[in-house]
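Look for chain A in each of the two complexes below; its partner is chain B in the first and chain C in the second.
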Partner chain A sequence: MTADAVTIQSQPTMRLESRQGRQNQDYFLRADTQGVGVIKLPPEWTWQVEPIKKVLGTLLLPENWDSYGGRTPKSQAAETAIQIIASITQADPPRPRVVPLGTGGIQLEWKKGQRELEVECRPDGSVEVLKIEGDAEGELCSACLPADVVRLVAWLMAA
Partner chain B sequence: MPVANQLHKLRDFSDPPVVETVLGVQFAPLSFAIPHFGLYWSRIQPEFPQYRVLPPLGHVREQFGAQSGSLIRKMGFEVVQEPDIRCWFLDRPGNQIIQVQRDRFIYNWQKISGSEVYPRYESVRGRFEAEWKQFGDFLDQGGFGKPEVNQCEVTYVNHLEYEKGWKSFGELNKVISCWSGKHSGTFLPEPEKVSMTVNYLLPNNQGRMYVSLEPVIRTRDAKEVLQLNLTVRGAPASSDQAAVLQWLDVGRQWVVEGFTDFTTDVMHNIWGRSK
Partner chain C sequence: MSEELPPDVDDPSIPDEEFLYRRIPLQPADNIQPTEVEGECRPSSGNFRSDGPLSVDRSSLTTPGQTRDRGRPGIFHVAQVQAKVARQCGCRLVKDPMLDNPAHILMFGNHDSGAGALNGKQAKVVARAARIVLWSGPPL
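Up next, the complex of A and B:
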């Protein structure tokens, strides 16, 4: 049998710039007939894979996972966290720490020099960010969009 | 020859890597409004008590011959009086999904925990047949008429796990029979990642098979796996149930035989090939 058409993509080790259009992609959106949930890995993803696996891993936690009544993180929180991670296009950013929250949310934490970001992805998928610099009091930003978080990561990286 | 006998002649595996089977039909768009989804759901709700609302899939038609660009998606502007949606109706454990939109009816069986035993095509086909008939009865009684089926689709989703016969993309030749893994020179290292799509034409313009291979993270266990999808799409001889099922049987035959040809004997042994 002769193939009708063949497309092959083999990922080079060079990191590619992310495309603008991918920033608003819903990674949980079922755009085909498939039901089984997967996150497809675009060729340009490198560092993103491990934190995304950690985010998905938090969904496997049982209820009361922290023995203080902690709730299993919600898929909406994971969707937002993955959206944020996937939207970061800066080359070689600091890796986020992925922390499950007892509320059913997921927190992404970054630290570089004197600057810190704590991004709380709430169970309903909304976002709250705490921006900290040195010993100054943190600046709280409620109802942040994933795009705002990407700008804050740029601020963090400028440290 | 009866369908059941034909099906038994196909190559078979005792432990196939299939995680999902999808059987679907596409038809000329119905004047199906939001309340109709609810009315249909009321019929199947005892067995399919959960739902999800998703964006609709595009209307696709395989093209052949001079027009062959493989498939055409309906594009353009359209005055839509009501939001266009796709509804998933899931059974309690989530293994079965009925997907409905105004031009599609799809039945999925999928693994949720990973430990379920694949129920085999004959069973999935039987469920599709029953649910498609019930949907047809609903349309008939609702005055929608008989759907004019223009495409059928069979998709099998397979998850090939690392450390089960292969370890890295440098060993992809152990998995994919047409991938040699060799270069003409010595400059290139082994690939870091590989994704590919290969299309095959069915004879007599019966349809086209799409084989795609890509790395994914599976959400149920946060595990990186290689997803091998085989989708066969084409037009049945008519909209009759028998013609639809006959086309699905051909599609399934292509998926099974295609999967076997596309993968290596080493992997067949791991999956318990018995024929």
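Up next, the complex of A and C:
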């Protein structure tokens, strides 16, 4: 699917726009008092649309959404998650699962064969990755950059 | 969770064989995922991430339905995992009975913050072993 604009009826309070005139992909979230609910996406995005919609959807969760005092995911976490998804340029990678965290973060999860990646986008926008192969405990990588995650997705896809 | 946390010391009177229940929100749907067994689901590890120790209920003092219904107003599945799984990955189980929930337990983990939350590895181990035992959504 190719899309340059996606209307999300159930998400009337947010808007994602690309900033024009910049070399790097750069996106931001902002409150939309008009309730327009339009997400403008670069036309080259295809599979990215659905997971990004899921990321944005987590921002609408109420406080205590999990009944254990879970916090609504923070916009910094969403921005990081979107940046990571947008940075993956493979044509048809495995789709990430998008899981809100009670900490106010957002987790992206990939699995292919025996390889798994769990990418925690923290409320402050920082990233921690758990890289797993088979039944092993996995390897934690704190303070990862989105570019590191893209490399790890390539590792995942080589499975 | 109680206002004041109990000491972070594992309580051996909670048997290894005891099941621990946790509510899993139906939405977003990515909160759960299928296992390799047809018709069987497990929670994502994200359901075991928190700012502090994780709240769970003891199966010897409650039922999955009671655990689910403490979560109102919301709709939840219930996942279970055995106490020994949590201990094997370094978590401590501490009784923390509440007025409306005598089955309440806190699971302390080793997150770098020192606040008692599970770290990513611990959450993953627990999630892999957990299974949805009370399904509240439409049939799979």
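Keep this in mind: the second predicted complex is superposed on the first by the 124 of 159 C-alpha atoms of A that agree within 3 Å, B and C clash if a C-alpha of one lies under 4 Å from a C-alpha of the other, contacts with A are read in each partner's own complex, and residues count from 1 in each chain.
Convention: contacts are C-beta pairs under 8 Å (C-beta built on N, C-alpha and C of every residue); 3 or more make two chains touch, one makes a residue touch a chain.
Quick caveat, the model's predicted, so the values are computed rather than measured.
Asks: Examine A:D92 and indicate which partner it touches, taking first as chain B and second as chain C; both and neither are also allowed.
Replies: In the superposed model, A:D92 contacts neither chain B nor chain C.
Asks: Just to be sure I read the superposition right, which of the two partners does A:G57 touch: chain B = first, chain C = second, or both, or neither?
Replies: both
Asks: Which of the two partners, first being chain B and second being chain C, lies in contact with A:V49: first, second, both, or neither?
Replies: In the superposition, A:V49 touches chain B alone.
Asks: A:W65 contacts which: chain B (first), chain C (second), both, neither?
Replies: In the superposed model, A:W65 contacts chain C only, not chain B.
Asks: Would you sort A:G105 into first (chain B), second (chain C), both or neither based on which partner it touches?
Replies: The second partner, chain C, only.
Asks: Could you give the residue numbers on chain A that contact chain B in one complex and chain C in the other?
Replies: 54, 57
Asks: Going by the contact rule at the top, pick out the chain B residues touching chain A in the complex.
Replies: 19-20, 22, 24, 54-55, 57, 70, 88, 97, 99, 106, 108, 110-111, 153, 155, 157, 159, 169, 189, 191-201, 208, 214-224, 227, 229, 261
Asks: Per the contact definition, I'd like the list of chain A residues that touch chain B in the complex.
Replies: 1, 3-13, 28-41, 43, 49, 52-54, 56-57, 59-60
Asks: Which of the residues in chain C come into contact with chain A in the complex?
Replies: Answer in residue numbers: 1, 23, 25, 28, 30-31, 33, 44-47, 49-51, 55, 70-72, 74, 76, 112, 117, 119-121, 124-125.
Asks: For the complex, which residues does chain A have touching chain C?
Replies: Those in contact with chain C are residues 54, 57-58, 65-71, 97-103, 105, 107, 109, 118, 120, 128, 130, 132, 137-138, 140, 142.
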